[in-house]
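By letter and in written order, the chains are A, B and C; residue numbering begins at 1 in each of them.
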Amino acid sequence: MASAIALAAVGEVGKGFIHERTSETLPCQATNKLFCWDWAGEHINRYETPTLQHLELVAISVVIGFVIAFALALLAHRHQWLQPPLLAGTGVLYTIPSVAFFFLLLPLTGRGMDTAIIALSAYTLQIIFRNTMIGFANVPRAVVDAARGMGQTDRQILWRVELPLAMPEIFAGLQVATVSTVAIATLAAFAGGGGLGEPILKGGISFKTNLIIAGGIAFLIAVSLGLILFAVQRFLTPWRRVRQAG
Amino acid sequence: MPSDELTQKAGASPVRYSGATKRYPGSAKAAVEDLTLEVPAGEICVLVGPSGCGKTTAMRMVNRTVEMTEGDIFIGEQSVRDRNPAQLRREIGYVIQQIGLFPHRTIAENIGAVPQLLGWKKERAAARGAELLALVGLDPDLADRYPAQLSGGQQQRVGVARALAADPLVMLMDEPFGAIDPINRERLQNEFLRLQAEIGKTVLFVTHDIDEAIKMGDRIAIMREGGKLAQYATPAELLMDPADEFVEDFVGADRALKRLALMRVSDIDLWEAPLAYVGQATGEVRAKLEGAEVPYPLLVDSERRPLGWLSGRDLAGEQVPARPDSPLGPLLDRDDVMRDALADLLQGESQYAAVVDHEGRIDGVLSVEIISEFLASPEAKTEEHSATERPHG
Amino acid sequence: MIALISSPRLASIQGAIEFIFTPQTSNVTGGKTVGGIHQVLELLVNQLELTIFALALSMIVALPIGLYLGHRGTGELFATVIGNAGRAIPELALIAFMAALIGVGVLNLTIALAVLGIPPLLTNSFVGIHQVDRSAVDAARGMGMTEFEILRKVEIPLAIPTLFAGIRSATIAIVATATIAPIAGVLTLGDFIINQNVYGDDGVLAGAIMVALLALTLEFGLAALQRRLTSKGLKLSPA
């Protein structure tokens, strides 16, 4: 009791003194501060490699995913009976959490960027496939009939009529897929694939500044890519279309 | 709970607009301006006018799906403003153009929607549903189907049945047959009029089609842009006496012809033709020709059924021949619609047409001249037929 | 080539299955007993609990707002932006950050996971209600249903497909992130995957298999529930 009072007394007296000593002796990352500006300023370069890796992961995965999904969609457009099984198949790949997917692939491809890319591409398949199908379904029957009536071949109709009109929906799918992939790619670190997840894992959960920077960069990338794709879509489709939330 | 005035067993209430006005914020012109009119119980009042004239808004003010800014509307003696909107609407039948059946409910459940809201017992609602399906001319087996399985015409019949389910005192119908193809539209119109003859509801009916208005309405309210009432009158009055140029234009340049659609042949005074029997002395017949309204004798049989027209050559002999020179031409019935009768006359290329009664016996003779004389006469009054008694279909 | 395909993979799957069912001495960290059905079930239950709590919380928060806005027809921009922003949230950073901010433990983690579940629920409930056929709503209002009755009896039943798409989306996101909850101290099936040095390769594979099975089961379950709840009238094609 007496010692507590004594300590408090000392505290009161030396508060300012001790305060100054704390900020001098303990580095920012050991404290509970929300964001250490100095540290951030000094160490910002650390995030360069992870960011580039992250972008690489996303770019490759989305491109591969889009190519495969789009090809499957064209196939299913021609052969309607393929739709339910393909939808179900891509759905399964979408449902399995990426982290699990990474490690299901483990025996086959081991750790590293390849595994991450395969899993991330698989994740995008259903989104892009489904949106492309919806895009085709939204093309008015009357327009296709008119095109057929004026003598266009099936292939011409596909490329000149159906795809342009399905574009908004396909782009919406691409946008959703890209944004989601940026977010999920933070998990690639678990598979040894690098990316912005790595500094998070390495830094531990108590170092908030690190989390904010790494997570913040990922979030910003996702949002910017989303907006860019949105702008591109608007640019490519000058006619008015009602966009449905993906 | 509905007030006592509204539970009249008569099944219909009068509707009275009193200076009803609707102004939307930010809009200089009113959507409906100072509307005052009275619809007697059991009558069909058609609100008609060009797009944007406020007819739908005016109708919706009755069940408060649009709220009045000024003025009032009375159903019976009670103002609609005094009622809770949801309660009020459960006593008013509501039929809209897009039909609006609930896709996720069976036909029976759709029809029973308002009864369910009013708390009816299941058996009572089901029985009423079957009754109504029959009333609107649908197979009772459809009760367990879903709207997606019915055609547009069938769906709208269900829409009407749904509106009638709780035996409302007033029906609101907003272009109910607008989304239906023309053939089925005519059938539905006729069937609704037949239905109305049976049940006699007070109906506010909105349409942009003046022909439909004339066909369906006991009274017609023509509205102009800005929500103003241009004229409120019976169809016959509207056609004979348009209030101003706008009404005249809206009714159409062919309003004389339109009037003919409201009349039957029996409404007009027919001319008499001298009758000739087979074997009769031609002298007698010639004598009758003097001063007759129709300068040709009509050959009839012993039952006074027309056989044909006699020419001068026919009368050359002693006796009236059995076979007339000129064929009978168009034969009209006294119950025929005047408009159709005129069409027959013109098509038949003959000047006169014999008109017979239900037994086929000669009643009189109609000619284009009679019709145009009649239309031109300033005192000509047509018999006022209500919508359900008028010729249609 | 054949050796590559046959031996290591098959061996691992076999080992993984063994891991799931029988406790074994870890061949990585000396002497510790790992695996076995009890441990697996314990972590499975943890993950399931976390998922269900988080889903429930996000539904309680997001659904009333989304349904209300959708019924009124306002706030479309809000719903869309939240939906898009939600997709952009990096799961790993979210878990770590929320753990750092509000602490570890099931309750706090539930809140963190609910943050992931809210955006798809909000967007889909808005869109689902908003896109219901206006004429059915007009008829319902005109026949005397109160606003709440319209929502309950007409709009929600007709919006079930879209609503459920949102629920499924939220569930998938939550389950996936619950997998890495171990980094914030809550032991779920992800622990097997993340801590390879404790559970060994067999454990990692076992964990991945279990997580995948859990996710797929939840998805199928929700799909079946959706089929049950979707009115027959909506599934029909015109006669």
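Worth a mention:
We adopt the following convention: a contact is a pair of C-beta atoms (placed from the backbone, for glycine too) under 8 Å apart; a residue touches a chain by one contact, two chains touch by 3 or more.
Just so we're clear, the structure is a prediction, and the values are computed from it rather than from any experiment.
The interface with the largest number of contacting C-beta pairs joins chains A-C.
A summary of chain positions shows that the Cα centroid lying nearest the centre of all protein Cα atoms is that of chain C. In this assembly, the chain whose C-alpha centre lies farthest from chain A is B.
If each chain is reduced to the centroid of its CA atoms, chain B and chain C end up 61 Å from each other. Inter-chain spacing, taken between the CA centroids of chain A and chain C, is 17 Å.
As a whole-number value, the distance joining the C-alpha centres of chain A and chain B reads 65 Å. Listing the residues of chain C that touch chain A in their complex gives 8-9, 12-13, 79-80, 83-85, 87-94, 96-97, 99-101, 123-124, 126-127, 131, 172, 175-176, 179-180, 183-184, 190, 193-194, 201, 204-205, 207-209, 211-212, 215-216, 219.
Those residues of chain A whose C-beta lies close enough to touch chain C in the complex are 91-92, 94-104, 106-108, 176, 179-180, 182-184, 186-187, 189-190, 196-197, 200-201, 205-208, 211-212, 214-216, 218-219, 222-223, 226, 244-245. Across the complex, chain B is touched by residues 133-146, 149, 154, 157-158, 231-234, 236-239 of chain C. Interface residues of chain B facing chain C in the complex, by the touch rule stated above, are 63, 65, 86-92, 94, 96, 98-106, 113-114, 117, 145-150, 159, 162-163, 172.
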